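Pasting in a structure now, in structure tokens, and then I'll have a few things to ask.
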Amino acid sequence: MSPLEIISAVLLAIGSFLVLSGAIGLLRFPDVYSRMHAAGITDTLGAVAILLGLMFLAGWTLVLAKLIMILLFLLLTGPTASHTLGKAAWKSGLQPLTDGREPAGDSGKGAE
Amino acid sequence: MSVLFSHYNYWVVIVLMMIGFYIVIAQGNLVKKLIGLNIFQTSVFILYISAGKVSGGTAPILADGITLYSNPLPHVLILTAIVVGIATTALGLSLIIRIRDTYGSVEEQDVRAAEGNRKQESC
Amino acid sequence: MLTVTTITLLVVMAMALSRAFVGPTVFDRILAANVFGTKTVLLIAVVGFLFGRPEFLDIALVYALINFIGVVGMLRLIEYLEEDKQSTEDGR
Amino acid sequence: MLSHLPILQVILPLLGAPACLILWRPRIAWAFSFFISALAFIISGLLLKQVWQGGEIVYALGGWEAPWGIEYRIDLLNAFLLLIVSGLSTVVLAGARQSVAREIPAEKQTLFYVAWLLCLAGQLGILATGDAFNVFVFLEISSLSTYTLISLSRQREALWAAFQYLIVGTIGATFVLIGIGLMYMMTGTLNMADLAQRLPEVADTRTVFAAYAFIIVGVCLKLALFPLHAWLPNAYTFAPSVVTAFLAATATKVAVYLLIRFSFTVFGKDFSTFDVPLHSIFIGLGLIAVFSASTVAIMQRNIKRAIAYSSVAQIGYMIIGLGLGSVLGLQATLLHLFNHALMKGALFMAMVAMMLRIGGITVDDIAGLGKRMPVTALAFVTGGLSLIGVPLTVGFVSKWYLVSAAFSQGMWLVALLVVLGSLLAVMYIWRLVEIMYFRESPEQAPRGEAPLTVLLPLLLLVLGNIYFGIDTRLPVSVTEAAASSLLVEAYQGVQVGGAK
Amino acid sequence: MELLLDISLLSMLVATAIGIAVSRDLLAAVMLSSIYGLLSANFFVTMDAVDVAFTEASVGAGISPLLMFATLAIVGRFERYPHQRALPALLLVVLTGAMLILATLDIPAFGDPNAPAQTHVAPRFINESGTEIGIPNMVTSVLASYRGFDTFGEVTVVFAAVVGVLALLGSSLPAAGRKLPDTLLQASNHRILRIVSKILVAPIMLFALYVQFHGDYGPGGGFQAGVIFAAAIIIYTMLFGLEAAMKVINVTVLRVLAAFGVLLYGSVGLVAMLNGKNFLDYDALAADPVHGQHYGIIVIELGVGITVAAVMMLIYFAFAGRLIDRSHKS
């Protein structure tokens, strides 16, 4: 294994871990906002790690350029999407879950 | 057992096809019908593409050092079919919008009922 | 490592899919769809390397684009429906 | 340029449609599309002559020979149908302008002609092509434009009718697509002639059987063969009048053509009549269609709907001829394709004239029409007589061939039932005749004939009904040659099959 | 690994399809159908059909859900009745499915390189297209040249669709100069979204051009490029309103462009005919047949791209216009 491959493997491993933890958050967290928090953050960072890992495998080719394009695109759109989503949820009157009470949004107004 | 391994792909596709077909004929909401139609057609596309796969082959774009390619012909056919599918969907959706304008509903039951009333009136 | 990443991504896709099924609010579903979309982008990229033909990354770029447009479209629809509902309620 | 006729036939309307959209003015669009359609008609006449004299014409598109490329293959069968379709389109289009101006909002009239040209191009494309997948593509062109044409009507039910047709039509087309895919998996080719060569090797597999079943069911959905006919009466009743005239005269013909092409050319007579019990199914369904649809037709108040149900019945006759599976039976079907186009063209064209003057088409609207619009009423009656199959009209010719085909195979029961079915047609036509001639007109009912531009095409169709009923040489000789050329190869196949 | 990918994608597809069937919230159903599109596109990638994956992603997960969302905004979000005639439908479906499964028992095994589909017609495309057409992407070769007439038909289908949509919804398409009350469509409260999208519009169009002209060498081509180009305009329309979009490009121009693309495609065929070859025989376009093929493919792909982009924009405009009409009424 060349050093490049080792770096790439490490990055891929980090990415996989982040993505997986984000997904667990997406499944296990109690309300939209916390799920958004879990998914939004890990999603972007995980994607960055995985794409970086792939870049080390690609070498100096057109593939590298395309990977960078994808990375830039994801970096730009991922947070924007999360932000807009959160804003839309808030505007629709969905309340975040606080101190253990039932989330008001669950099958509440937002689901209608 | 060998049949299972060599054909399971097709069988799953058929199950998909039949789910789509079921939505088209059993569900009354017109938008849902079109969604079902989409699933039905997409599954047929998957059937075609599965038929073009050659095990060990790669995408049919010439590259150095690669000798085994999958069959490009089904890909071409399905490209055409996908376009036909979206054309049908667009037309169907605009019909639905107009139906909603005139009948006030997009449920098959309501539309049929409205039709029935009119027929009785005219008799 | 590519294999492991692929499997992880598949698992994550399945999890996102189940969140999209369960909901419960529509924003959960949109979030799940968004997560699902980005994972698809990554999967295509990784699979390209796994099968040794990584030059088809154009597709991944299209996925990312489509995913973004889809999310925006969904959100606009929700907002439209909300406002529509409010305006009819006001009308009453 | 003569060698390019097969493709010119199709691309003229195909390129005419976008050109028409750019022209935009409705009046110019009408003139332009009429011109294109007439050109296509002339070309199809030339093609028929070429095929009659020189045999099959093959045209490789893009210069790639089949089976790698797509080819057009014109034989007598499709040359004959090309002539019917483009001819009827031209005649109906000639009388369409005033009717369209009355029934369709001004800003949509151009789109109407564009859709008409696309529909024509689609149908001609289906007829001319020798490639199974190309059939699917052109099937969809004609279907999409047909949905558009139907939905352009001012009646609100047309929207629902068009949607129903869209769902059914798409399911049908997808079934055809499945069938083509299964055939491709078994043979590796899409070219019809090539398929015909390679299918016998795998004819005894379940896959090929299923492929055939899916294609037949898909086409029959389009054809509105009983019991898959539910969409047709609505679509025909609520579509704009000229569209009904066009569709009734051509769309079912194209579907029957596909049935013949796939059954006899692609799969071969051996397969479709020996491996699959097709004749009994077709004859049975055909007879049920004749009786059930005719009975329903008797009870309709809207005469457009009555004649639409009669179309379902007439499709039954065509299918019976197919089911007989003999040269004579096939010839009867082909003759009936031609004759049915003439008589339905005349009947629906008469209704175009009525709609233009009276604005309605129910039984009450046409009371006393014999006095108010004598020419139109007479034309309608002549078309009706032809539908019944009275001697000296075209309807008689095809019924005669059908009955004698049944007799020659000893199926006297089928022959008897066919004759009985005609009696039902007498009932629904007589009812309309009675209303038109023996009932008093309502007070202040509009009177006076439709303008000459509508009457002339109508009279042309009526004259066609009578002329070809007396001088039967042209259709009979062409259909005879076409039918035997389709089945003679198959007969050789029978001998091979008998030898093993 | 391929087997694992295959199985997991297929099972997710089945799960999604069932989810669509049972969901009575149409919004969820459309969302799932867009996921279905993504999944099947993924499946196409594992089946080596990169071009198809490209198209399916942009159609099945892109345009078609967008149109459905617009429709839902007009017709409402929930299904009103439970399934009707569920039992007969189920019976029919099971019967058809059983027949199909029986049919598959006799087809060659999945991936079999000796299946007739792989040995009869296809080898010529794989082995000869490199020298006969001279471009590496076989799918483009077959699509644009060997079966160029199918593609001509495909463009015509797209054109037929826009004719239908204009006939049905065209009256809501404002003529130039009409004031549109589309505050609802302007999303003026989404400042970040608007800025980011505005930044993205130009690169997306650039990417569309890349896809258009790179189709000979990789996945892509006129259709995909047209869809992506239209997507850029659609995202702009969604955030800045129909009026703003129509200032950029107006309906009459789009209508002419939609027709022009088809005519461009056809005229390539006619030129070939005038040069004494058959319709769409690109050999006739240059002295050297391979050059001729290349020119022909570039021009017809351009025709496809123009028509598809114009048509998709027109269709979306017609839908959005109907949305405004309706909000204006209420």
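By written order: A, B, C, D and E. Residues from 1 in each chain.
Following the convention adopted for this analysis, contacts are C-beta pairs under 8 Å (C-beta built on N, C-alpha and C of every residue); 3 or more make two chains touch, one makes a residue touch a chain.
Going by UniProt, the chains are A = Monovalent cation/H(+) antiporter subunit G; B = Cation:proton antiporter subunit C; C = PH regulation protein F; D = Monovalent cation/H+ antiporter subunit D family protein; E = Na(+)/H(+) antiporter subunit B.
This structure is a prediction, so every number in the text was calculated from the model and none was measured.
*Asks:* Within the chain touch network, how many edges lie on the shortest path between chain A and chain D?
*Replies:* 2
*Asks:* Of the pairs B-E and D-E, which shows more C-beta pairs in contact?
*Replies:* B-E
*Asks:* Going by average Cα coordinates, which chain is farthest removed from chain D?
*Replies:* Result for max centroid distance from chain D is chain A.
*Asks:* With centres defined as the mean C-alpha position, give me the chain C (PH regulation protein F)-chain D separation in Å.
*Replies:* Chain centres of chain C (PH regulation protein F) and chain D, defined by C-alpha means, are spaced 47 Å apart.
*Asks:* Counting in whole Å, what is the centre-to-centre distance of chain B and chain C (PH regulation protein F), each centre being its mean C-alpha position?
*Replies:* 21
*Asks:* At what distance in angstrom does the C-alpha mean of chain D lie from that of chain B?
*Replies:* 27
*Asks:* Touching two or more other chains, which residues of chain A qualify?
*Replies:* 73, 77, 80, 84, 91
*Asks:* Residues of chain C (PH regulation protein F) that touch two or more other chains: which are they?
*Replies:* 23, 26, 30, 55-56, 58, 61, 65, 67-68, 72, 78-79
*Asks:* Name the residues of chain D that each touch 2 or more other chains.
*Replies:* 133, 137, 140, 144, 147-148, 151, 178, 184-185, 190
*Asks:* Show me, using the given definition of touch, all chain pairs that touch one another.
*Replies:* A-C, A-E, B-C, B-D, B-E, C-E, D-E
*Asks:* For chain E, which residues count as touching chain C (PH regulation protein F) in their complex?
*Replies:* By the definition above, chain E touches chain C (PH regulation protein F) via 1, 4-5, 8-9, 12, 15-16, 19, 25, 27-28, 31-32, 34-35, 38-39, 41-42, 45-46, 50, 53-54, 57-58, 61-62, 65-66, 69-70, 72-73, 77, 184-185, 187, 193, 197, 200, 204, 207, 211, 214, 218-220, 224, 228, 231, 234-235, 238-239, 323, 327, 330.
*Asks:* Where on chain A does chain C (PH regulation protein F) make contact in their complex?
*Replies:* Where chain A meets chain C (PH regulation protein F), its residues are 8-9, 12-13, 15-16, 19-20, 22-24, 26-27, 32, 35-36, 39, 43, 46-47, 50-51, 53-54, 57-58, 62-63, 66-67, 69-70, 73-74, 77-78, 80-82, 84-85, 88-89, 91-92, 94, 105-108, 110-111.
*Asks:* Spell out the residues on chain E that touch chain A in their complex, using ranges where they run on.
*Replies:* Answer in residue numbers: 189-190, 192-193, 196, 199-200.
*Asks:* In the complex of these two chains, what residues of chain C (PH regulation protein F) are touching chain A?
*Replies:* Touching chain A: residues 1-2, 4-5, 8-9, 11-12, 15-16, 18-19, 23-28, 30-32, 34-35, 38-39, 41-42, 45-46, 49, 54-55, 57-58, 60-61, 64-65, 67-68, 71-72, 75, 78-79, 82 of chain C (PH regulation protein F).
*Asks:* Once bound in the complex, which stretches of chain E touch chain D?
*Replies:* Chain E reaches chain D through residues 99-100, 102-108, 115-122, 124-125, 145-150, 152-154, 156-157, 159-161, 163-164, 166-168, 170-171, 255-256, 258-260, 262-263, 266, 269-270, 273, 277-283.
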